[in-house]
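As structure tokens, here come the structures.
Two complexes are shown next, each including chain A; its partner changes from chain B in the first to chain C in the second.
The block that comes next holds the complex of A and B.
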């Protein structure tokens, strides 16, 4: 299977995205996938979307930017509310 | 008591990385991570501290001579070097950090229990703001108990303000059940939200609006740290009267500072994460069945287009605001923290970029003055935590938390009481 490319997006690029990255890593491990996970600031999204080839965006903050790949709301990873649903969503997207 | 003082002095002598290793190891053991994980956690965070120290060291080495040259050429009184988020390392690595973290966890549970607040702050990471207030108080007075008290007062204010503004944010961003007790958005909310309400009453100005989507779309790339850093580095080199070669080097190094600081903090964060998860499980267990708002990081509401556009517009404005009378710090490294000054206003201003920017200008003025007033404490804190300040060290300061008016006020009161 091809290597997945996942971008975790947050405000500063280090705090909530590190927490999100940690959760995504667990899912990747569980699904036995290979993936490249990048942490990006929301201000850098324009550059990231122009790169293309992203399989999944995990958004730790809302954005109105047009994304060229499916995205999930990752806030559940830090608040704990609705975390299971988000994990399921991610698994579904990555399984395709 | 004597033994306590001896142990405390010995640990303090280890500097920031050593303090962090020990404090996090103990915390990890308290939350039953096991020796291996607790040790790894403490070590990883200590490494983040080491990395942060290197970046701040380079920043001071580059900015020191440049600011001296600018001061000489223009007579601008800007002798405080801005270390920005370098304060994060000093806060986690300060001798009082461990006490403050324990205080925060216990105090939060007690205040929830008695119904003073609804916010359960599981966002362990942002305890750094409280640690920063305490660390600066320690830098000012070297009094452990006073420092913990300052941090505790800041916590109480933060949770209460987070409660008060939460319903507005929840509705605007469509995120029920959570609140945002991030320290960085609290004093800014206290000053900024009344400002916004005032601005909404001023004729003419109240009706002007700029289109945030358009600004973000057109100038978005300019807000990226690598561009901001490179441009400002070149500008400072130019103002300092350097040659082309020096200007290019300044430009690369300043971009390096803005891009690398968050990377180093991410390492620090990585070490904190297992403890953070354990602490949040612990607190949630004790609060199960109660109606609480989960306190999360304010960066989760940063992505609004009006917020991002305001950040873009404010970046050059804040740099030039360094020239306001009474300020002595040239803001560069702190520019990456602008988002947290903007966040509290967006929903109250209903996304009006002009109103947000005007309110922020007032907030930044207050922060500049407080950062200048707190810079001796900031500098002493850097020395205590073992940051490398060059020979004939300059003063250092920062805006986010380094210019927190609540911290400044409490330290000033402490000093008046003879501490």
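The block that comes next holds the complex of A and C.
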């Protein structure tokens, strides 16, 4: 399976996205996938989407921008609420 | 001069962790702005951030709110990447009365939070790991209850410090 490209998006690009990154890393490990995880600021999204080769966006902050790949609500990784469901969503998206 | 300053700072600040200092307070504020200013002032008084930090945090909260719908204790984690941070730290506040924040995932919705963690952290691997641990505390119903129900600041500080300094157990 090709290397997956995952973008974790938050306001600053380092604080809350780190919590998202941590969980995504665990999923990648469990699924034995090869992946590149990038932490980006929401302001950088335009550049990221234009790359056109992202497999998954984990959003720590919502965006109205049209994304060219599926996205999940990463705030579940901070609140813990709905976390299992988001993990399942991610697994499904990455399995494709 | 710097040396003296450092010594003084370390003595006067709360629990000292390897790279992050944890300060705690029981805060009584009327709104999030008032609260963020109170919490930032604690850091300014200890010369851990510059005086503008609180206003940067407030600005950012408007653009990217940080209310987290965690259960049973909803929290907020205001922070900013702007302003000068001289000593990385987290201020944990147990609120005397809940305060309204906007939700991080749904910025149009309000949430009543009972605890607030003001973050003043740098883009540094070790500090970010501690941040991840802080977020794990928020998800642990029993633990966050225990922390929230601490009857004084020292106990609250001790609980948080213990969790944040725990060595990695998972992976």
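We adopt the following convention: the second predicted complex is superposed on the first by the 96 of 96 C-alpha atoms of A that agree within 3 Å, B and C clash if a C-alpha of one lies under 4 Å from a C-alpha of the other, contacts with A are read in each partner's own complex, and residues count from 1 in each chain.
As a convention for this text, contacts are C-beta pairs under 8 Å (C-beta built on N, C-alpha and C of every residue); 3 or more make two chains touch, one makes a residue touch a chain.
Note that the coordinates shown come from a computational prediction; the quantities given were computed from them, not determined experimentally.
Once the two complexes are overlaid on the shared chain, A:47 sits against chain B while remaining clear of chain C.
Once the two complexes are laid over each other on the shared chain, residue contacts for A:61 go to chain B and to chain C alike. Chain A has more of its residues touched by B than by the other of chain B and chain C. Touch criterion met: A:78 reaches chain B and chain C at once. Overlap of the chain B and chain C interfaces on chain A comprises residues 10-16, 18-19, 22, 42, 59-62, 75, 78-81. Per the touch definition, chain C reaches chain A in the complex via residues 60, 63-64, 66, 68-71, 77, 79-81, 103-107, 119, 121, 123, 128, 131-132, 135, 138-140, 170-171. Those residues of chain A that touch chain B in the complex are listed here as 9-19, 22, 39, 41-47, 59-65, 75, 78-81.
Across the complex, chain A meets chain C through its residues 10-16, 18-19, 22, 26, 29, 42, 59-62, 73, 75, 77-81, 83. Contact residues on chain B toward chain A in their complex (touch as defined above): 122-123, 125-126, 173, 175, 177-178, 213, 216, 220-221, 223-225, 262-263, 265-266, 269-270, 273, 276, 280, 284, 294, 296-305, 308, 311, 336, 339.
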